[in-house]
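Below, subunit A partners subunit B and then partners subunit C, in two separate complexes.
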Partner chain A sequence: MARESAAAAAAPETTTAAAFNASASVSGIVSSLAREYTANTPQRLKVIDTYMVFCVAVGIVQFVYCGLVGTFPYNAFLAGFGSAVACFVFAANLRMKTNPKNRAQFP
Partner chain B sequence: MRLLPSLGICLALGGAWLKAVEAKSATGDRVLVLVPTTESAKQYTYFLGTLETRGFDISVRAASNSSVALHLDGERLYDHAILLSPAAKKFGSDLTAHNFIRFVDDGGNLLVAASSELSDFHRKLGAQFGVEFEKRGSRAIDHVSHLSENGSDDHSVVAAHRFFGVPAVLPSTFGGNNPGTVLYKGIAHKYEAKNPLLVPVLVGSTTTYSGNAATGGDSDNKALSPMDTPLSGKALGLVSVFQTRSNARVAFSGSTELFSDSLMKKHGSSNTQFVTEVSKWVLQEKSVLRETGHRHHLLSTGEKPEYYRIGNEMVYEIDLSVYRDDAWHPYVANDVQFEAIMLDPYVRLTLNRTLPTDSKSPLATYRGDIKLPDRYGTFTFRVNYKRTGYSNVDVKDTVAIWPLRHDEYPRFLTAAYPYYTSSFVMIIGFLALSTAWLWNAEPKAKTNVKDEGKTKTKTKTKQSATSKPKPN
Partner chain C sequence: MRCFRSSTRMLLAICTLASSCLAALQPTDIHIKVMERTGDKLFSASPQYPNTFGKVPEITSTTPLSVSFSVKSTTANEAVAVDQAFVNFRHKETGDETAFVAKRAGVGAYRMDLARKHFRTHFAPSPGLYDISLVLGSFADGGVHYALGTVQMSNGKPQQQQQQQRMSDTVVFGARPEIHHRFAEPQRMPSAAVSLVFAVLCVVPLVVLFGVWARLGVNVGGLGAEPVASAAFLGLVGAYMALAVAYWVGVKLFSALTYALVLALPTYAVGQVALSRRAASKPC
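So, the complex of A and B:
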């Protein structure tokens, strides 16, 4: 993701007029990021990104539930939350490895 | 053949009728009465007569009679002893206060009467039970409520009317608005108020005090000077009773004349009733509690297991009877408590009386539904019932409470369902990711920039290059 935005910033003359109009404000940065992302990210990576968001959501739900109800079945909480976190980490690894922009590091 | 059993029944019934007992002791009938001389026993004929009517086997002995013995071969020779000889320094050949204390320790009951001329024996015996008699020569005096008949006043015969309300010892008819009058001539004593085993039964009224000739309280009816502070009022004990932890009973009276015929016959005296009630209590004819059985079992199965488990629901039952009027009756109370103890009580529950199925039953069953605590270990189930005036009941049962086996815990906890669902949801999500990754079809390129198109085709070829081996 960082490489993508760096690549986009490094070749300003090749970007579209719309991208070139991005201002320095936060909303401008966010909207340009979103546009770049949807346009330039391969679909496979978007699949992984969706999965990662899903993992984070599941983890947050469990964490909030634990915060409300208490840690009574502590082992169950650790198992559920830990599995969500672990899946997120593995998905991140897969994304890094299969990102075409990282081909140089993962032959 | 038929005649013999019917004759036997007739004789038994006749014999029972002849006896005509009012009350019989729960612990035994042999009574030893020690008097100064056998002649002096004549002044107690009414009192001793009532004891005989109540079914006691009385042996009257002189205090100096050397054959008097309390124990033989380690066993008590008598169940009760009544001491009406205040001046005796020792009884029998060598019975000291120590022997009588051992008699009480072995379960014998004692009724001790002293007087103004009491000896050190009585002082020592009283001290063992928290009763401190006044100095020798002093007496209880009341210038207001005393015996007065035919115009002659005797201020040293106190008309005592202040009773301590312990219904187990003295029925409530003695207290209340119209208390009886007990004529008392003798010495007063201090009773240890903090001792829970010692109960004062008859105490001085506000105008009673303990005086002797020196302080001016002699038979000349001289009053005290304002500087004197003798023992007086509620703190002045006239008759006190004591129950040991092993349910032996001792009564102390500073007056032998309380039991005498002359004071009993006086007009308006309730000596007879008072002496009857106190002697009934001391000789274990009333207010005697007994536990006849106790059980505990699981609530669900009704059987008694070898060991309990933590959190088990169980039932505890105990049967209690009280002895009065010559028979055992069900004991009715609302404060019988059950305790489950492992160094400290974990459960303390007041038991409820279950309604009896048999109205003639001599026992009352108390039952409690108990949920065992969350701790495992060796517990004691205990009913410790100690009430003033009643005998002590202490029933203990040792049980083991085991922890749950690993497969006796609940398999799924309701509080953890979100975590279970999240685990399964993660599994499903991973499978979804796998299918999406494997059968992913890139959408047609929708770029309008050369470079993006270049990168797209590059990634396309790269992806197709990398993705090829995977489906295989």
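So, the complex of A and C:
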């Protein structure tokens, strides 16, 4: 009886600890990723990555506006969204070419 | 079944003329029947050439008409095949004619069945009394135009409505009713505040981008290594942006493309010079 109550009391603590460990692991992964990126990524690639994030953000804002307000004028939405996507694609290509790790493929 | 409109008048006239010259054909075993859809006979007549059948049967889309006959040569006194066998319908009031080809149903025997779709196409729009006649033609034996009698084509509408329909079909010359133009309703647009908020939201990432670039150390100091070519290249890129604005404001598409083509070559050349010299000036 005493063992069962102790086991029952230990069960929620185990679940809480597992959840805490999981969240800690996720935040740990994100922070270690950020540290690795900041330390090991060349400055040139960071500039391009920042530009790519800017393209994504602008595209998302335009898409949300189109979803909320409507497509009129449709050509304006197509032009703006298409430009953001195109800039992102070109920036991705530039990043692949300027990455020092790809120097063998892009001399 | 083929049918011909009033363009066959010439042909019928030729046949009539030929029949008056040669007249060696004689229609025989003529049977005209009007049947119900169930097969019950509503009207049946077998006139002898050159007599007509006396009664005027009523024909609707649900009571098909059937005409069968044989053709005999008076000289040889035997059934002959003719080159042309039509059953012609002529409207008594308007004079419009419609001819249907009688198909061969044996040696010297012919048959024409007025299908429902042909009735709807040719007779339902213009009901009334029609003179029905046989038009036969043979190069060897001449031609015959035999008036069989009169039939009433009815489309099921009362006589008054048919008359009104005929009257409404007549052409009236005069002033048309006045047209009142209605402008299209304007598109529903969002409020200016919403548009402004989203415009600011689109600009904010650009400000953040410049701030992050400044923090990363992005600068324009490298332009000093090749100032002329760099300034020219950036100026030409700016000219492209100005061209996009001009196209938005009023320049036509093909004019804008022409200007873009004109700007393309110097932009490429100057950019090639500026970037290659900049790359050469950078330490390895």
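We take it that the second predicted complex is superposed on the first by the 83 of 107 C-alpha atoms of A that agree within 3 Å, B and C clash if a C-alpha of one lies under 4 Å from a C-alpha of the other, contacts with A are read in each partner's own complex, and residues count from 1 in each chain.
Quick note on the criterion: contacts are C-beta pairs under 8 Å (C-beta built on N, C-alpha and C of every residue); 3 or more make two chains touch, one makes a residue touch a chain.
Worth saying up front: this structure is predicted, and the values here are computed from it rather than measured.
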Partner chain(s) touched by A:P100 [first = subunit B, second = subunit C, both, neither]: first
Partner, of subunit C and subunit B, that touches more residues belonging to subunit A: B
Partner chain(s) touched by A:Y65 [first = subunit B, second = subunit C, both, neither]: both
Touched partner set for A:Q43, first subunit B, second subunit C, both or neither: both
Touching partner for A:F77 - first (subunit B), second (subunit C), both, neither: first
Contacts of A:F54 with subunit B and subunit C, given as first, second, both or neither: both
Set of subunit A residues, in rising order, touched by both subunit B and subunit C: 43, 47, 51, 54, 58, 61-62, 65, 69, 72
Complex contact set, residues of subunit B against subunit A: 413, 415-416, 418-420, 422-423, 425-426, 429-430, 432-433, 436-437, 440, 442-443, 447-452, 455, 458-459, 462-463, 466
Complex contact set, residues of subunit A against subunit C: 43, 46-47, 50-51, 53-54, 57-58, 61-62, 64-65, 68-70, 72
Sites on subunit C touched by subunit A in the complex: 187-190, 194-195, 198, 201-202, 205-206, 208-209, 212-213, 216-218
Subunit B-facing residues of subunit A, complex: 11, 14-16, 39-40, 42-44, 47-48, 51, 54-55, 58, 61-62, 65, 69, 72-73, 76-77, 79-81, 83-84, 87, 91, 98, 100, 103
